[in-house]
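In the two assemblies presented below, chain A is common to both, partnered first by chain B and then by chain C.
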Partner chain A sequence: MKILESAAVIITGIVFGLFLLGVQRKLVARVQRRYGPPIWQQFIDVAKLFSKSSISHGFVFDMGVMMALGGTIATLLFVPIGKLQVLSMSGDFIVVVYLMAVASLGMAMSAVNSGNPNASIGVMRALTQMFGYELPYLMVMMGMMFAYRTSSILGMAQVQQGGILNWNLFRVPIGAIVVFISMFGISGKKPFDTPIAPAEIASGPMVEYSGKFLGSLTLMHALVIFVDISIFVNVFLGGASNYWFFLLKVLAVFSLMVLISSVIPRFRVEQVVTFSWKWPLFFAVIQSVILVAMGVR
Partner chain B sequence: MKEFELFFGPNHPGMHGNFSVHLRVDGDTVVKAKPVPGFLHRGFEKLMERRLWIQNLALIPRICVPEPDINEMVYAMAVEKIAGIEVPEKAHWIRTLILELGRIAAHLFSIGGIGGATGLYTFPYWATADRDSVLDIFEHISGARIYHMYIIIGGVRKDLPEGIDSLIRETMDYLESRIPEYIDLVMKNRIIQTRLRGKLVLTREMCEEMCITGVGLRATGVDYDIRKYDPYAAYEWVDFDIPVGEDGDAFTRGYLKLLEIQQSIRIIRQVLDKMPKKGPVNVKLPGNALKWRIPPGEAYAHVESSRGEYGYYVVSTGETTPYRVHVRGASYPQGLYGIEKYLPGTRIEDVPLWLGTMDVCPPEIDR
Partner chain C sequence: MDRKMSPETRSALEKLADWFRARSIWMLHYCTGCGAVELPPSMTSRFDMERFGIGPMATPRQADVLLITGYLATKTLRRVIYTYEQMQTPKYVIGFGSCTINGGIYYDSYNVITRLDLYLPVDIYIAGCMPRPEAILTAFNKLREMIEKGEANGWKRYEENKEWYRANQLKALNGEVYVTR
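The block that comes next holds the complex of A and B.
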């Protein structure tokens, strides 16, 4: 039974993640006054990439890609999608944060091993800006764990039941905004796309990947976006009792992110850290103090 | 930190054109920059010596892809000066119209590049789409979208088509309505401002040292514009201002281009109002054009391109072909000396902005 559930979750993640990327391309195209590719274009691209031969740059290069994809799939299994959750335990949020880092590190390890200076600079930027957005994110989440006395994602979703006004979006509004901003960083959206800045470092870490490696990393990117927004939906938007309703919420949050990021340029790498440590961290501290001192109303 | 060698171009998303800059970077900071031209070398100047005077008209627009008309204009001006040809009045007005349309197209293209370099990809798409509306006008007038070959020695190739007046006016109204949107999207954007303000500053001394003209010089407060200082075509009969900045940074250069688009729209409207409705648009060259010789002599003609002073020095020895043609590309100084001398010390993020806001146009370097 667990195997079937795992398969369902992974297929949901991949299919819906790629669908989200297709929606992104279409939405961005409309903002840019273009027609845009068909919404299933991303499926065609990934299928094409997996059918191509690929160039390897050594064992660590290969392993890093597998680590990144594997780490993300492992994360996905901890995320409740509606009522569907394969692996659950009392502290699964902490596990998810840890596994997401494994994915980033796998990617960094692999990209640096390709020996391209663009990739090295990109990885350096990615790891630098992780300090920026992860800190306010974790601070808000820790505050909420303390306030609700639970570190389980499903537990966090369950306490919000009983109407829209019970959502953490309205109970913990400042924290919701901080996490929403940090999500742009985690999913590599502008203004936090400094590591893959094409005009500066020619797509940074991605520069040496081709064929199946690029396909795997596209899948990873789709899954990271899906996992990231799923956590937001579970923690702040009350989760969902219905599978389809959950996906609808994810789509809504993602569309909002895409529309915002399509009219924002890219930060310089030091601006990411100064911005994140100035405003989101400031509000994260305020929100944590409120949560710890007064709890959740 | 370890130094890297980074090849910025010719195959690089941040590089526009066949050009390369070899960077040595320490972390994110550029330590050494070496421009590497030559990927595009077709030897325009040498090719011109092998072609007849009128054949060159088909070759020279290729020197600058975003704004080809200035080449035809400046070549025609130089040859007319040597041969002593008087251009009819209506041709002057039509030339002004063409040059200003070309300036709008080139400026839209190049400020769109700011969006490409900073990651605001919506802006290049908008700007390129709006540039296309100008190209539509060119297609109606000359039959071609990019290389028009419309300005010829002695005037322009043919008269403006019927009904082009209303099309141009509509397009100008549309472009004017777009400028506030550009300002909202780009110039008022906080991230763009922090990335461009105070960055890549060209001082007046640097401009004088490297002979930089155009927007780069005007951004430092000098109102040098050849359209005012040495008027050609119909520029002395129309009324326009020269936008001037003070800071000399990348932001000012981008903003000045938007203001210049507004001035160009103003000029085009005046041209449409004041242009004579009838009259010849070119003078017929004497004799067989394929055997046409112009008297010995030499002349320098210059115009204000979207990037600065653009000049041709033409020498004739009385043959059917030019003896020598020298092209003064407007972006030559900032594309070669500027990169080598002033790029070190900036960051990798600034390199595409240097190329974008200074309008480095590789064919002008590789001429």
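The block that comes next holds the complex of A and C.
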């Protein structure tokens, strides 16, 4: 039974994640008044990538890609999708944060092993940027864990039951905005896409990936986006009792992110950290103080 | 050199793969020639290449199509060969503008190659100086048909006739293709 559930969750993550990336390309095209590629374009791209030949740059290069993809799939199993959750325990939110880091470290290790200087610069930028957005994100989340006395994602979703006004989006509004901004960093969206800057450093860490490797990393990217937004939906938008309703909420949040990111330019790498530690961190501290001192109403 | 197309020997899996490859063409532009100026209008709002699944890529490892946009001096020919050999199969080459066909206005220049097909296997040429975005899109749609039918096999030709291509390259590059210095 657990195996079937895991398969369902992984297939949902991959298919819906790739669908989200297709929606992103279509939406950006419509914002730029273009017709845009078909919405299933991302599936065609991944299938093509797996059909091409690919070049490896050593054992660590291969293993890092597997570690990145495996780490993300492991993260996905902890995330409740509607009522579907494969692994759950108290404290699974902390496990999720830890496993997401494993995925980025796997990719960093693998990219640096390729020996391309552009990849090293990209990895350095990605890790610098992580300092920026992880701190406000974790500060808000820790404050909420303290206020609700629970550190499981499902528990966090369950305390918001009973009407839209019980959602954390309205109970913890400043924190919701901070986490929403940090999500742009986690999923590498426009103001925070310094690591993969195609015009500057030739797509950064991805520079030496070809064929199967690039396909695996595209799958990983789709899964990271899905996991990231699923956590937001569970923690701030009250989760969902229904599988389809949950996916609809994920789609709505993602579309909002794409519309915002399609009209703003990219930060320079030091601007990312300056911005994140100035505004999101400031509001995260305020929100945490409110949460710790007054609790949640 | 044998320019005949290889007979239909694709397996069902190859045919399926070619169907996907035809619908997702990632291009790498080699933009030392003036043809590069016609690419931004083809990619942006007015002509919108992306509706056919065609998009720009940053590195040769990720790309499927190498666009040679204009004339090639012998110095840049070396870099183009490096770039082409870094790309992963199946890979295609598009010769862009009349400079790649017969030298164009550089037909009598002392250090510009006049016929790209002698050095790299060109799958499709776009004539014009410079070709308009409509011509570029027509060429890409033609390439898409060729890939789907399995006719765009320049990369196989390159592997089969490597000595012939290498000899031509050496002649143009004064004796060595790879410079380690």
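By our rule, the second predicted complex is superposed on the first by the 297 of 297 C-alpha atoms of A that agree within 3 Å, B and C clash if a C-alpha of one lies under 4 Å from a C-alpha of the other, contacts with A are read in each partner's own complex, and residues count from 1 in each chain.
Basically, a residue touches a chain if its C-beta (ideal position, glycine included) is under 8 Å from a C-beta of that chain, and two chains touch if they have at least 3 such contacts.
Please read all numbers here as calculations on a predicted model, not as lab measurements.
When both complexes are overlaid on chain A, the residue A:Ala202 reaches chain B and chain C alike. Of the two partner chains, chain C is the only one touched by A:Ser210; chain B is not. Legend: residue contacts after superposition of the two complexes on their common chain; A:Tyr35 is shown touching chain C, with no touch to chain B. Looking at the shared chain after the overlay, A:Ser120 reaches chain B, while chain C stays out of its contact range.
Contact with chain B, but none with chain C, is seen for A:Ile264 once the two complexes are overlaid on the shared chain. By the touch criterion defined above, A:Asp193 reaches chain B but does not reach chain C.
Shared interface residues of chain A, touching chain B in one complex and chain C in the other, are 32-34, 198-199, 202-203.
By the touch criterion given at the top, residues 17, 20-21, 23-24, 44-45, 48, 50-53, 56-59, 61-62, 64, 88-90 of chain C touch chain A in their complex. Contacts from chain A toward chain C in the complex involve residues 25, 29, 32-38, 41, 44-45, 47-48, 51-55, 198-199, 202-203, 206-211, 214. Listing the residues of chain A that touch chain B in their complex gives 28, 31-34, 117-118, 120-121, 124-125, 190-191, 193, 197-203, 262-269, 271. In the complex of the two chains, the chain B residues touching chain A come out as 4-6, 12-14, 25, 27-28, 115-122, 125-126, 129, 185, 189, 191-192, 194-195, 347-349, 351-352.
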